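A, B and C label the chains in the order they appear, each numbered from 1.
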Amino acid sequence: MKTDLSPRMKVALYGLMCVLLIPFVFPTWWMLTSSVKPISDIFAFPPDLWPRRFDFTTYARVFELQPFARQYWNSAYIAALVTIGTMIVSSMAGYAFARIKFPFSNAIFMIVLLGLLIPSEVTIVPLFQMFLKWGMINTHWPLILVPIFGAPSVFATFVMRQFFIALPGELEEAARVDGLGRFKIFWLIALPLAKPALGAVAIFTFLHSWNLYLEPIVFLSSTQMFTLPQALTQFTDAYGGAMWNIQLAAATMTAIPVLLVFIVAQKQFVEGLAHTGLKG
Amino acid sequence: MTIAAGTPRRKRPFWTIERRDAAAGYLFIAPQLIGIVTFVLFPLGLVFYYSLHEWNVLANTFNFVGAANYQMLLADKALPQVLLSSAIFSAGLVILNMSLALLLAVLLDQKLKGITVFRTLFFSPVVVSLVAWTIVWSFLLQNNGGINGLLQLIGVEGPNWLRTPATAMISVVVVQVFKNVGLNMILFLAALQGVPKELYEAARVDGAGRFKQFRRITLPLISPTILLTSIITIVGSLQVFAQIAVLTQGGPGMTTTVLVYYLYQQAFQFHFFGYGSTLSILLFVIVALLTFVQWQMRKRIVFYEN
Amino acid sequence: MKITQLKASAAIAGILLPLAWSGTVWAQDAVNLRMTIWSANEAHLAMFNEIAEGFKATHPNVTVSFEPLPFDSYTTTLTTQIAGGNPPDLAWILETTAADFVNSGALAPLTDAFKATEGYDIADVSEQATALWTKDGQLYAYPFSTSPFAIFVNNDVIKAAGAKTPAELIAEGAWTWDNAFATAATVGQSGKTGLVLRDFKYQVWQNMASIWNGWGASPWSPDGKTCTFTDPAMIDAMTAIHKAIFVDKAMPGPGEDIDFFAGETGMTITQISRASLLPKENPFDWDLVPLPAGPVGNYAVVGQAGVGAFAASPNAATAVEFLAYMTNPENSQKLAQFFPPARASLLNAETLASTNPLLSAEQIDNVVIDGISTGTVLPGHTNFAQIQQTVRSSLDSLWVADADIPAVLQSVCDSVGPLLAR
């Protein structure tokens, strides 16, 4: 598939991709442009592709109405902790499931896989009761502990396991002969090789944590503690009606940094996944 | 030769390599396993326990009713329609998501200038907030919205997308696909780039055309990724509900009320936590069965090099 | 593995215990009341914090924190907190869920505490406004907002279409639904939008009460046990609404979401509190008029929001005291800046004009005061959420041009009847 294409073919491909892009890009474009429209222009019909009037004060209002910088920090540090924690927990578990022989490993792996199958709506009430008992309501603990150790990390463990399975065994054997223990083999040999897979896990995990919506709403109650997706719903007028332009300004600020990170990291990300050889 | 009393017998040490390895294995999986037990299995057990009770949150009553909620499940007249809607939704979502993701991945795998820009743009909805995304689409899908406006330009009168049973389901599926197809697209793209290029060259020497190369080489080699993404997508499709809540609220009629939305209604809107828990168990059983079947089928459809 | 498990739980306990402890120690010397609300509006919060500050004068150990929850998932989040065993001390309650909360026994009774509060003057609170929130003579939540439904008018749009404005019709004594629909139809056929029933969206059907009450129709019998969607009054009302939508194009059809305040619409039915949405730049010539007369004559409809205290809270007594303070005559006047009051003494043009500077004295008289004092509340029922969904789902087949109206309404009663009788 990697042959050089004829110029005609190239034009056709560009054209096809541009058409396909419309439904992907238009909503985001609308979000961007509407974030600088006065609210009365947002729902004008037909929608304007370019704002008739500009109102950049929306971006300042975001910070006036909510402790938005604080909420940004909350989302960022939670996502960072969750990402690092998941990378540690999942690479260890994935490595063990792939490379270490121990009794019941397959059965335990199946049990762990159950975590992939359970929608968060199903367990939210019991989880709420547990965290209440532990005094962790309106703290960030549930948003950190559950993703690192619970259901959301299972996908990461799965990816890591698939990567380590594909790893050739000779390196480890050599290390064993040199008298290295399991932990050292994992830390000094296997993990450095796993960088691409870890990169993929990191991006998936970060996105998942960054976009988490149901859990923050249930577990957090004071605006100082809110995360970004939850904060987005808080830009309302006196009667619960959404202040769309300000909400969309906040939404834009929520999306752009992640998009920038993706632009920078996407090459590694794609290659990382390519190396994992995600096999069933 | 007798064993001299003074020579220490070479005792087999307790910590053999196997035992050490097993211990290490358990240590390595401990955080994950404890997490799953604490945050998944134990809550799931509680959900099952709740499903045996009638629980009125507001009145603060919690009474054991045995299998009554499960009998209610069998007698629930709305449930067949809900299961049908879920099946249609999931099937539509998986088929559309997988084929679009594959098409995009193949396009983006080409050597073209500025391809990374396209990649990023196709991926961008994944990072856009779900709320903003759904609002824009509900705006576009209105009877007098952007899509019917476009159709009018070419002389077609578009349907009332979100208010007609057949198109409401299609709309919900399509909006969900555009939002998330980027993830599968990247997984496929990664798989495509992992296909050794020599294979294509060899095929070309044999005179195989593009399409044949794709069918004979590409598809078999990326089949593990196809299996994995299809499992993730099916499981994910059974968990979608925020978008449905915004776009159609399960209507018109009950046509877009999928199981997880129905569960959410019963538990959180109607306050029937007992029955909601019973529906959770049903959902869990369905997801587990589907995954099991797919996992069993992998040997037949997935191609391995060795 | 056991050992690791033990270690892990010890580690978790080490993290948790100090947290839990600090919570209890702190709770002993101070009381913090938590009130969930669905407005994140800064002006609202400032006012509530001011009231809470005032409460400190008599209760120095009490702080009140207001927790804004997203409106769309308000009741869900509240229920999750209750189910998880962490109910707030006080909560705003939507009129639709009033019956559920009031009948459940979850809320603390208020009447006696209010009577015992000096200067409270409970007789001043209109009985009509408290009916929904009362059980067996006890008030369980205080209706802090009683907001009448009215019609906002864009005279520019109506005049441009060459139709009669509501003001002209009122002057002629001809402000009836027939004429209102006729005006809307003229606007609708001119390419703009005639009349929008705000927040209805062909889903929130109970908002149609602002129209069908004019026909004397109601969704169920006064005792709530029998479905009355098939009564002649309801069939007539629904026929009129259906005709206005599908024949006369007086109202936007399903799937056409249009915002009156964007300025392209002739009229909208909504609560008067939405006056704050009127555009400040490029304003149009707007008016506020009462609902037109229906076949049964003049009528008014109000929407309500209540605030109650949870009986199970360890601070329930303090919470009730705070509620008494928050809704006393003096603070009710503060609340009236944003929320139309239920107190008769505040229902005069003077008080309301100072808090609603946008409205003229005439508008306040005709719409606000008349509306609050004579209005019936939107329909509510125990287990409303399920009933709402069931009716919504059956009504969906009414919203097509060739619907068989009596048959659809019969199907509504068939599906919702068993739920009502329960």
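Operating definition for what follows: a residue touches a chain if its C-beta (ideal position, glycine included) is under 8 Å from a C-beta of that chain, and two chains touch if they have at least 3 such contacts.
Just so it is clear, the structure is predicted and the values come from calculations on it, not from any experiment.
Q: Thinking of each chain as a vertex joined to the chains it touches, would you call that graph a line, ring, star, complete, or other?
A: It is complete, because no pair of chains fails to touch.
Q: Count the C-beta pairs in contact for A-C and for A-B, then report the pair with the higher count.
A: Spelling it out, more C-beta pairs touch across A-B than across the other pair.
Q: If you take the mean of the Cα atoms for each chain, which one ends up farthest from subunit A?
A: C
Q: Let me have the rounded angstrom distance from the C-alpha centre of subunit B over to the C-alpha centre of subunit C, please.
A: Once rounded, the distance between the two centres reads 38 Å.
Q: Would you mind pulling out the distance in Å between where the CA atoms of subunit A average out and where those of subunit C do?
A: Their C-alpha centroids are separated by 37 Å.
Q: Using mean CA coordinates as chain centres, what's the subunit A-subunit B distance in Å?
A: The computed centroid separation for subunit A versus subunit B comes out at 15 Å.
Q: Which residues does subunit A have that touch at least 2 chains other than itself?
A: In subunit A, 43, 45, 125, 129, 233 touch at least two other chains.
Q: Can you list every residue of subunit B that touches 2 or more other chains, as numbers and ranges?
A: In subunit B, 26, 31, 33-34, 139, 144, 273 touch at least two other chains.
Q: Can you list the subunit C residues in contact with two or more other chains?
A: Touching at least two other chains: 80, 83, 257.
Q: With touch defined as at the start, can you tell me which subunit A residues reach subunit B in the complex?
A: Checking each residue of subunit A against subunit B gives 1-5, 10, 13-14, 16-17, 20-21, 23-28, 30-31, 43, 45-47, 88-90, 92-93, 95-97, 100-103, 105, 108, 111-123, 125-127, 129-130, 145-146, 148-151, 153-155, 157, 162, 181-183, 186, 200, 204, 207, 210-211, 213-214, 228-229, 232-233, 247-248, 251, 254-255, 258-259, 262-263, 266-267, 269-280.
Q: Inside the complex, what are the residues of subunit B that reach subunit C?
A: Residues 26-27, 30-31, 33-34, 55-60, 138-139, 141-145, 160-163, 249-254, 265, 268-271, 273.
Q: Report the residues of subunit C in contact with subunit A in the complex, numbered from low to high.
A: Contact set of subunit C toward subunit A: 12, 16, 19-20, 23, 34, 36, 38-44, 65, 67-73, 77, 80-81, 83-86, 257-259, 261-264, 271, 273-274, 276-277, 279, 281-282, 338.
Q: Any idea which subunit A residues touch subunit C in the complex?
A: Touching subunit C from subunit A are residues 38, 40-41, 43-45, 64-66, 124-125, 128-129, 132, 134-137, 139, 217-218, 221-223, 230, 233-241.
Q: Along subunit C, where are the residues that touch subunit B in the complex?
A: Within the complex, subunit C contacts subunit B at residues 1, 4-5, 8, 75-76, 79-80, 82-83, 100-101, 104-106, 202-203, 252-257, 312, 383, 385-386, 389, 392-394, 396-397, 399.
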